[in-house]
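By letter and in written order, the chains are A, B, C and D; residue numbering begins at 1 in each of them.
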């Protein structure tokens, strides 16, 4: 980190900072400028901490310069991580599609969706058995029954299953059923839950928090990685801004930026990112163009009757059309689909 | 809710919307304007839902008009809720102060802080035994040992204890020790945790999420209230904006606004809201002026050595001075202190 | 607009609202619900205003339901506007590229860039003669000399010129030289400047304000259109969010959304939207995939020596490569390039 | 500034950065850490610029460490600036109140307001003759006629006048009538207008931009100061966030923070900051508690009939009550009123 001293800091104050840095295990490096003295603190900030430097008299500012994540960083691992589940690879050449309803509602619903998404080339079925809802009065999911229906559908259609866990107490159950365990946006900083999924071997799909910086998102991944589970997939799903025409603002720039700083695969969920079905297809296509390793899409046989998020769900027909466009763009940017 | 039809919606489309609303249990009320037809849907949106109306052809926009919270609303209860714990009232005439360190570190630390805050008139001791930290490599709290130290301190100094719970699995333990159970900002939408604390009788201090609208915050309170626990205290602690000089932007306007829409007590945490100790005192004083029912302050005997959030902690001396200013302003706005 | 009354509003209060609406020229339409009465005000809000209704006793909320823009709306004009300048069409089948340096620096610089962008298929040269800079100590542009250099370059290379105007006093001069007059992000709500360019016949490229909602952006276009100039091109260039890795967050969802609500062409400027050259190419490509009618790119023969925004400028070589990728994606989504 | 090199930067790359810094006029100072080399660039960043360093191979990050403003900084001037206009001081012990209607509408309106605000102790009358309105169809102000009415009111009631200028072309006129020239939030980065008012001797009230960081706000002040006008008053008026219950989020923390970094007086406009009259009084009072040098309030004899911003205007009666509360709090925090 770099410590900027006040323009009128005394020699004694500078000396105190240097002493304190050295006591904490840093090497201190002084640069005396015309207007200010700055002090470089050399050492591992992640381990040594900030030593309370900001509170010392004469200190104007303390600027961290190292990335606080290590295992998630490309510094640690130059090639991109490819996560293999059966014969499906996430993070490789192929852009993967995860599709399905917001919530598992019934066997008929799931079977119908599964058939349609499979027929159009998707390999992974999404569907929530436990649903985080803003209102306690909204449908909260079928719980274990929902997990069983997902398993049945997998059995019948040969798709992989991604489903959300919200509570460390139900994690063993979810892990038993899911191929990929999803951590939702509201739990991105549920640190106990992150640690727990870090102790499983299953791939984890980690959604970006509603208002998480990319650094915080990577730090959340670091929680999982630091427990020993290397299989983290990051999922951009829109951030909160001042815009009111849409639920969220889909931040596609997160794709190339995260891929620059981290080796982890990045996928995009335009359904939540926009929140209105009619704008989902162009953003799904744009996500592929931006370099996403996958796209997650809400598809419902009858969005009008959906128990959750109907307004952002595609019909199977619109989904089929979107798949074709994504495939064309994937090819244009040199990816398989 | 109100449905705005497209300017060129057909009679048939309007009819379909009306039919669907009535099927869902609403009464529909048409207003034909010069440019548009709008349809008022009369009924309880909370229960009847949106009926997928947004997806029907010819619909331009669906605008909810009812507040989605009920139990948290002043419509439900006109007088403000006063929460009484022993002889301490929160939400009454007296502005309450909750003070103490970010994290419980040792008995000496707690005893020293407790003595100082008591001597200056605070009645409630804050201190974290379980700490939500952005980095997995940071100090995570003393866990049960920390709770025991808090209990010992309460015993000795006669203060109430507020401490955070992060995991439903440790809730029974935390509830055993705490007088007020804190739900942190990152767990404001941890719905399972909300439901669980809703099943206890203990007062719950619910911090506003980093990027939560006031409506979402009240909906989180609604989760707790709907399980039967009426003792919810809301705590504004800064929201995320584009500003980079501070960790967060303290939103004091939340105080009068929440008090207008809800009967629940509202307190303010300027320590997290600003993140730099030197700006905490004026914002603590301003919180009292804005009508807060309480102020939560981080106080550490030696912020330089704090294991967590030293940069935003007041020394006992600065705390004493801030208490005097808050008392003066409380009196000026007609509150006790 | 819709007026939601308090749950305990009296008959007299309701009557007063109705009376006031009618006095203002609205027709009022009552819907009495179980919990609330709502009143639909039928009439042209744009002209009749809000009549101060929000201030009447018993009124809980006033919700506007009409879009406040008219001329910019697709309701007014169903087919998209195509702006033709010479043989270049903006808003038609072809995705147009505007490229060039942030600031005009010298004839050599401009000629070199012009040659390279032309050779790679761009038809429009961008370059600032008047530069809005955050600091008064930064390079502010060559002013009229810069305009002359742009004109010379147009002469020699047969490219169209887009350049920014910042001050109504220099507008006549800028309009004399430019083919497209740019209004920068910081002037999106400089209403006098908007009115002035509205009185010219020249196409106007209107950048989205740093923190402008899409509605405000369309209202800014409305200022220009309402003065009689129908040739407005909207340009998304990143909005301000809490993210700190990038200068701005490029909002590609603005492309399909604006095109849904408005008939005006929409282009994207990923250079300002991201602010770091290495992330510009994927976002340029994604912009095409999202349906943009054009892309604006900063290109400099030697970004290292650029007097402005070097960090976000592409070298001619990187530009050439990006053009190829954009062309491939344009084809994949059915556009010409 | 500090340059952080890539973890695998070569010696040659480091050497190139050092060379380039020295060529630009900096002294370079190397610190070789375990994982990274960092380079301190010593010299005046404001003048020397960034030298394109970010683009050099091997550079991971460039971090500016100096404040970019000079004249606005407390480093330049330790004691606070006090601006004296007649016998009114802004920035001194006394908290000043600027009150009046959003827009000048008529002589009767102005006289009535002037009488009421004077009678309650305010010394400065606000009122817009030129109004920045989101919609071209809204009332745009009385222009010169409005200025004349303000002057007449000043004559009769002995109040100072603050009024907004929007266009450099009308500045001479506005400057002739106004005691304090207001730059509105939408023009905070209208750099030509800033330079122009910098050439006058009149005090300038500079509102914070809707989404301006505090640093950008101080840089806008720097534009005015750098032209020779030292009389700048900063006015916080709410920033844009995701919250939808209010038009803006009033950032009271800006008061102590700006006063820490700058010597300029800071006032607060809660009327625009909240946008709803009923929440204005507590925020006005909180502004005084936070240390504001003044408060600006919209007051209208009949908000219901106001041509602009009626919803956020206080009646004279509510204004009188708010004045009393502000006076009490001013006294409690040791200020005169």
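Simple rule for what comes next: a contact is a pair of C-beta atoms (placed from the backbone, for glycine too) under 8 Å apart; a residue touches a chain by one contact, two chains touch by 3 or more.
The shown structure was predicted, so the numbers you read here are calculated from the model rather than taken from an experiment.
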Degree value of the rotation bringing chain C onto chain D, based on Cα positions, nearest 5: 180
Most widely separated chain from chain A, with each centre as the mean of CA atoms: D
Centroid distance [mean C-alpha coordinates] between chain B and chain A, Å: 26
Approximate Å spacing (C-alpha centroids) for the pair chain B, chain D: 30
Mean-CA-position distance for chain D and chain A (Å): 38
Numbers and ranges of chain B residues touching at least 2 other chains: 211, 240-242, 244
Complex interface listing, chain C residues touching chain A: 211, 213-215, 239, 241-246, 249-253, 255-257, 260, 273-274, 278-279, 282-283, 285-291, 325, 328-329, 331-333
Residues of chain D touching chain A in the complex: 2, 4, 7, 27, 29, 31-36, 38, 40, 42-44, 61, 63, 65-66, 75, 211, 240-242, 244
Chain B partner contacts - residues on chain A that touch it in the complex: 46-47, 49-50, 52, 54-56, 68, 132-138, 166-169, 186-187, 189-192, 195, 210-211, 216, 219, 222-223, 226, 240, 276-277, 303-306, 310-311
